[in-house]
Amino acid sequence: MNFTRTDEGDLTKLEISGSLDAISTPELRAAIDSVVGDQRKTIVVDCSALRLIDSSGVGALVSLYKRARAHGGKVNVTGLCDQPLAIFKLLRLDKILIG
Amino acid sequence: MNFTRTDEGDLTKLEISGSLDAISTPELRAAIDSVVGDQRKTIVVDCSALRLIDSSGVGALVSLYKRARAHGGKVNVTGLCDQPLAIFKLLRLDKILIG
Amino acid sequence: MSLIRLTIPGTLDYRDLAVRVVAAACKLVAHRDDVSEDARAEFDMHVVSAFGEAFNNVAIHSYKGRAVGPLDIEIEVGVGEITLRIADHGPGYDPLDVKEPDLDELPESGMGLFIMREFMDSVSYQAGAPNVLSMTKKLTEKEIGGVA
Amino acid sequence: MSLIRLTIPGTLDYRDLAVRVVAAACKLVAHRDDVSEDARAEFDMHVVSAFGEAFNNVAIHSYKGRAVGPLDIEIEVGVGEITLRIADHGPGYDPLDVKEPDLDELPESGMGLFIMREFMDSVSYQAGAPNVLSMTKKLTEKEIGGVA
């Protein structure tokens, strides 16, 4: 898993690639904490290069969604395909996180 | 392993990609037989997309080289990198097959 | 039918290696003419996802707070079918004690067993020495888009 | 040090799966600060190449003309070091009977053992039930470009 964070005005873009799973999610958690701490208003999580996700990766993204929303931020997950899209649909997160 | 053969005048280009090993080499052998059978004069084996090779894959390419040469054909292996290049160097084939 | 056995330490460090074995095993499930590439891709995706969750549970729950033990994986590669058996030497638990996740509440955990059950045809767990989680899935055309 | 065990049928169908396990195991060999990315890449490449040849020999020679038996692979992942043990239940042979290939003659076969010996630090073979081929390699900086 690799990620990059880019801030532009009110917008924070988080690009995640590779496999977001139990072993890599802790690394992303730190970045999520800082995005939340910075009270960013518009957060786009670009998953077009995300190949695999598991329930721990989903948990981290849901946590981002909930915590950002708590201070009025919006989270939009884009670019999901293949296995990550199937997991999002199974957990009925497509309707909530995909804008 | 995948390969494509392209004929243009006296030139035959064989592009090989993926892993050329004991399980995939038999597929390539048939293509090599027909290139040899057609008595092609100039044969370029493009290995720029070849990721892995083993001794059976090397054996097939050496067989192509010897048999083509027997009827006056020339074989040139191009684009070798990483593991396939290391194997060619170890077996001292770089000087003979890389023109 | 062919058998693959893999034994590794039950820690997350070995997750990637184990997932690769399961993905490669899926590719060895014999083709049938009547199965499309899409159905095969969905089969692989479901089996790999379910296995990842099973692996996480051993690494995270079974050996939590105790010495890491081995994780034994047995894969039966059949014709149009795969069976995974994942064995650990932890204390074991009763899956019936585990509540289904309430997806409307946007849970942040507790989705692993749900994913396994949804993506595999059958999932069973036998506590013991070792504990064995078994999962089976058939490769059939109906996989496409979940249409029965 | 950690141990990985893999058992598969000794046929070429399982070559890709086994090679993936060895490649993933190489990645688990502990980093040392003084080892460059290039040295690691060369280490992986050498170990995977040597293993591929060892696998071929079991699938092609050990079980030739008889029922396919299992192939047992044991991988010791150490600090800056890997050991592979490949066991088969074929009749066994004496590697000392095998002539070194004469590279000037452009051989088309008989290069497998040569590749193993050149790419690993040590290779040994013990005929028996099972026959065990053992290979070890250290991950050191001198790997780069073969400069000692």
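Going in written order, the chains are labelled A, B, C and D, and every chain counts its residues from 1.
In this text, a contact is a pair of C-beta atoms (placed from the backbone, for glycine too) under 8 Å apart; a residue touches a chain by one contact, two chains touch by 3 or more.
Everything quoted here is computed from the prediction, not taken from an experiment.
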Shortest walk length in steps over touching chains, chain A through to chain D: 2
Path length in the contact graph (chain B to chain D, fewest steps): 1
Mean-CA-position distance for chain C and chain B (Å): 41
Whole-Å gap between the CA centroids of chain A and chain C: 25
Chain centre separation in whole Å, for chain B relative to chain A (CA means): 46
Length of the line joining the C-alpha centres of chain C and chain D, rounded to whole Å: 29
In chain C, residues with contacts to at least two other chains: 13, 16
Touching pairs among all chains present in the structure: A-C, B-D, C-D
Interface residues, chain C side, partner chain D - complex: 2-9, 13-14, 16-17, 20-21, 24-25, 27-28
Of all residues in chain B, those that touch chain D in their complex: 19, 21-23, 52, 54-56, 58-60, 62-63, 65-66, 82-83, 86-87, 90-93, 96
Chain D to chain B touching residues, read off their complex: 12-13, 15-16, 19, 41-42, 45-46, 48-49, 52-53, 55-56, 59-60, 103-104, 106-109, 111-112, 114-115, 118-119
